[in-house]
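See structure below.
In order of appearance the chains are A, B, C, D and E, and numbering begins at 1 in each one.
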Amino acid sequence: MTESVFFYLLSGLVLSSAWSVVRNENLFHAGLSLILCFVGVAGIYMNLDAPFLGAMQVLIYAGAIAVLLLFGFMLTHDLMKARHERNQHLAGILIPVLMALLLVGTILNAQWHASSGQPVNFGVASLARRYMQQDLVAFEMVALLLLASLMGAVVIARKEEGSRE
Amino acid sequence: MDLIKKIPAYVERIPNGGILMTGLDWVLNNAKASSMWYMLFGLACCAIELMATGASRYDFDRLGMIFRATPRQTDLMIVAGTLTLKMAPRVKLLYEQMPDPKYVIAMGGCTMHGGPFYHDSYSVLKGVDKIIPVDIHVAGCPPRPEALMNGCIALQDLIRGEKVGRKRDRPGLRHIDPATNLPLLVRPDTGLIRPNQIIMPDQLRVLS
Amino acid sequence: MDLVTAYTGQDVALVLIMLLMLALILGFIAGSSLILIWAERKVAARIQNRVGPMMTGPRKFAEFSMWTGGLLQTAADAIKLLVKELIIPSKTDAIPFIAAPVLIVTVCVTAYIVIPFGPAFSVSDLNIGVVHVVAISSLTVLSIVMAGWSSNSKYSLLGGLRSAAQMLSYEIPLIFALLGPILLAGGLSMQKMVLAQREYGCWFLLPSLLGFLIYYVASIAEVNRPPFDIPEAESELVAGYVSEYSGMMFAMFFLAEFANMFLVCSVAATVFLGGWLVPFMPVPDNPTPVYILLGILTFFLKTSFLVFIMMWIRWTFPRVRPDHLMNLGWKYLFPLSLLNLLICAGIAVLKDVYKLNGWGISLASLGALAMVMLLLQVVRIPRPDTFLEKA
Amino acid sequence: MLIRTWWCALTSPSDDGGALRTEEFELNMGPQHPSTHGVLRMVLKMDGERVVDCDPVVGYLHRSIEKMAENRTFTQVIPVTDRLDYCTSMTSNYVYVLAVEKLADLTPPPRAEYIRVIMTELNRIASHLLWYGTFCLEIGATTPFLYSFRDREKVLDLFESACGARLLYNYIRIGGVGQDINQKFLDRMIEFLDYWEPIIPEYEALLDENPIFYNRTVGVGTVPLEMCRSYGVSGPNVRAAGVAEDVRRDDPFAVYKDLEFEIPTEKESDVFARYRVRMRELRESAKILRQCYEKIPSGPYGLPLNYRFKVPEGETYVHIESPRGDIGCFLASSGGDKPWRCKFRTPSFVHIQLFKKLLEGVLIPDIMAICASFDIVLPETDR
Amino acid sequence: MTPQEFAKHLGANYPDHQFEIDPLNENCVLIPLQLVPQCFELLRDDDATQMDYFDFSTCVDHPPDRLDLVYSMYSTVYKHRIQLKVVLDRQNPCVPTVSHLWVNANWNEREMYDLFGVFFPGHKDLRRLMMPDDWEGHPLRKDYAHPNLVVRPD
């Protein structure tokens, strides 16, 4: 019973912080509520007793990506002070409605087969074995992609460094 | 905050409330007294003596006093050295940035009445207590480290004598001068100089 | 546990137990920080041949020896900070300003869950032990950035940005340094780590000595302690991101800094020095109370030894400049931690496939490391006087 | 409409070719600053971590010493010159007294000359120790500060036994010195030197072998020689640029003619070179003190002068070597018993002007290292 | 070079002006006001003198009408030092600046402007150095009076 209580609690947290990310005036607060949202999602993972995934979520999303996002907010020029005008009301309403229809449609007509009862032993070892054996190719592709993005970042930083000296 | 100020009065009426209050006083005062974090406000020669007091032979740390850089975390300001009129607004600003139970030790002759610079000096403020209320004056030019330690111990006794919730009476009383609605800032005993005789840089007037 | 479930349902008991455990950890942290802060001031005084706090605390200890004066000094500091006025400057943006100290203490408390104080004596032995500690402690960066940005002063903003950059860039060597022992232990949970060190025969310090050194240096940077304390560099940034905090909020930052230091040292002790393994005693299977006590004692001895070294380092080294710090972090620690991973992988393979004895392999790896160090001596870093003649 | 907003968001032309445009902001390293060399305020224009422009503001400790000197008799001015540079009040006393003696052409007895040299050299040791402590505090090492102050306390005990005061002595008087020093003082001085000279390598051991220290100081704040010349830099800072310039050698006053000591110089003139020059100067001062111990003659320690003696009309400029550089006193007298005009040429006043050009393009931690390496003291600058 | 040689050297370069030794200070040469920038430039650049080290420049105030301005220079090459004195009128003293020759003359002149009221045309940023910016009057003049200045009874 506590799992469902925690679940509703956490999903409430995630939804409210997501809402505040969108609607918040102050960009810094928006960044913080984004982090709160990530931590909420990590809580849901832990609640579904996948602790490794939850820890990874906290480490990667809340710990690194969101903080770099905050860096971006703080360092760029008067991003905080500028009042962003919000005149795309039409788009603002149209797209969420479409998304909602799509989601509800897929949820309704998907066949939910009940889980087979015995707990799936999804541990870190099986995850690692899967990486190294079945889908090794995908793993290497992701590594290449990350390398490319890293090099891109260095080039941009280097160019900016060069221009000032 | 003012609700807290009323509590001591109510507690006294409970049968042995007095004992409870004195116990609370003892604990709080001893804590405040034995861990005063001072903000070094080193202006001139007394700053060197203050550093010497903080060094190995006479050690401030034995009284539990650590040196904090920002005014926010300090509760004792040691004004060490000659205060000039150009520097006065900054001292006042820093004094106001300190959180509330704050004390001031004015170290050296210059902070009491201008010291050796009382005569023939146009730029020295004759006495720090003209702009901030001072609790302990340490005489000497510069005062010896033992004198400064003695001043700190005297301040600790002053703190131990306080009562929770009572308004603290401070030397260098401040009346409001009706003519210029400037705090009179004159010590009644010396009464040497009235404020309109001293031409303060006008930032000071804005601040005070 | 069963007593509680008798009265209430299964789940409510779980919540109650959790709250009890939380209170226990908070009490432990407060107690250990009190002693740690007092010990730091005494050790610093001893290094600088002056006398640390002497006036507070029981007087008869003070006469006994200089080392035991002023025991209640930190208690006095704490009570005084409680009574101080809390200043929230007007232009600061209040929510993150208040959330920052709260977050940093909660992060510290949650990270203590997995620390194995004794044989079966940890709050809850999650099977993702080490990763849990690292993941949670990556949130401290967030609280420092919040503190820096919201106190709306140039100094604290600079301090906040610098410390965020420092902690982010030192998390990576920290994690990689821990990978070595995880690989040897074959599991993430901390208790399993300690037990693995028992079967392995010797502490994980020997096979991954490089990992231990990198972990130790990276953890000093992670906890913002000198010589890497650029964020609150006294002489430059006027106490960095903490400069706007007063009273109890500052006390939380102060407490969190020491609790983090103890946390990081306890993880180092567990992973590298064999947490509660009493050095020369065979470990009985079902832990007798005597052995549990002995285990807890050795754990505390090892951690406090590491904490003492951190204090010692604090008062001897000058501060590192930010770009040298980043340089050290990325160009030296990170590649070395990869090398350490390689060494541990080699040892693990040797041990599993060829069933060699743990001691032999680790001594061999240490010999190899010594060889490398000798090679490095040839290319010596320029000493000052040689530098001058050359220039 | 949707596409347009999406497209312009992507391709918004930033003005300088896509480089990340950072906004300069002004940092006010205010007069109240934990670094301990007094009330110097530096208005810095920063671009991120680098300094773009620095404007030092002084005057927060202007105590109008020159105005006071005009309203006091010649002997009453001496305690005022004490407060001119409180780290080395002996040297500021000495330069004023030399100017008065040159105007009134009095020659102090030889014993007084030797006592004056002993006192100034002891004061130089105390000032360099103070500098070493605060310099290490700036770099971030807190322990050397405590070690140097522990030994400085011993020097201050010597001063206390000779002239009764720890910091501001009022000891060197016109025509001689305040009180005589007996053999017990000289023995205690030698005892201090024997204890202290083996400790100097200990100071250096703390920092020299330390890679963090010389990463932070080697090659930082280099002052080329012609910049030294045009700014009028003097003392250890110019000796660190490779020039053996010392007033005690170039135009020797008092008994420096018959004492032999050499002038330490370095080549790079960066923060590390200035640190090395001062460390070697400590050893030179100890050597001078030992020579004075043997050569000090006996005899009177001062000329009997009445309290309000008159100085004939005239102007003169005299300068001696203070631990910070070349301190000078321009004295004009109108024949009365009070100086007509007394101007002090102080080294810190000159060295602070260097910061405007030296601190461009420098990181924040280096600002403190460079300022501390010049050993500037604010009362000298503001007088 | 002794002050007399300096006076002869300057007299040779500027024949229509006479330079003599100041009676008060034997190491000082009196120079006329209109020669100030060229004369200093000559002393600095001429390889016979090479005065590359600027000591200080200050004023000596003689109340009724005279305000003397004393410069002091030193040559690190020949190791000789000379003082130069310019006599100004006290009401509105004005001397061309030498801060473009030696950089540390900049603050000396700012201090003289602040404390004596001497105006230096050609000086880049002439503002008060010692006193707060809104201070009236020039304190180091003999006839200066100020409420904060309590004169010491003799």
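We take it that a residue touches a chain if its C-beta (ideal position, glycine included) is under 8 Å from a C-beta of that chain, and two chains touch if they have at least 3 such contacts.
Fair warning: this is a prediction, and the values are worked out from it, not measured in the lab.
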Number of hops, subunit C to subunit D, where each hop joins two touching chains: 1
Intersection of the contact lists for subunit D and subunit E: B
Chain separated most widely from subunit B, comparing mean CA positions: A
Centroid comparison with subunit D (C-alpha atoms), farthest chain: A
Innermost chain, where centres are averages of C-alpha coordinates: D
Contact-richer chain pair (by C-beta pairs counted) among A-C and B-C: B-C
Chain centre separation (subunit A, subunit D; CA means) in Å: 59
Whole-Å gap separating subunit B and subunit C, where each centre is the average of the chain's CA atoms: 39
Mean-CA-position distance for subunit D and subunit B (Å): 31
Distance between chain centroids, defined by C-alpha means - subunit B, subunit E (Å): 45
Residues of subunit B touching at least two other chains: 55-57, 69, 86, 119-124
Subunit C: positions in contact with at least two other chains: 48-50, 234, 238
Where subunit A touches two or more other chains, by residue: 75
Parts of subunit C lying in touch with subunit A, wherever the complex brings them together: 9, 11, 14-15, 93, 95-96, 99, 126-128, 131-132, 134-136, 138-139, 141-142, 145-146, 149-150, 157, 161, 164, 168, 171, 188
Residues on subunit B engaged by subunit E in the complex (per definition of touch): 85-86, 118-124, 126, 197-199, 201-202
Subunit D-touching residues of subunit C, taken from the complex the two chains share: 44, 47-50, 154-155, 158, 226-227, 229-230, 233-238, 315-324, 381, 383-384, 387-388, 391
Residues on subunit B engaged by subunit C in the complex (per definition of touch): 27-28, 30-32, 34-35, 55-57, 59, 61-64, 66, 68-70, 72-73, 75, 97, 99-101
Touching residues (chain side subunit E, partner subunit D) in the complex: 22, 24-25, 27-28, 52-56, 58-61, 70, 72, 76, 79, 81, 83, 102-104, 106-107, 128-132, 139-140, 142, 149, 151-152
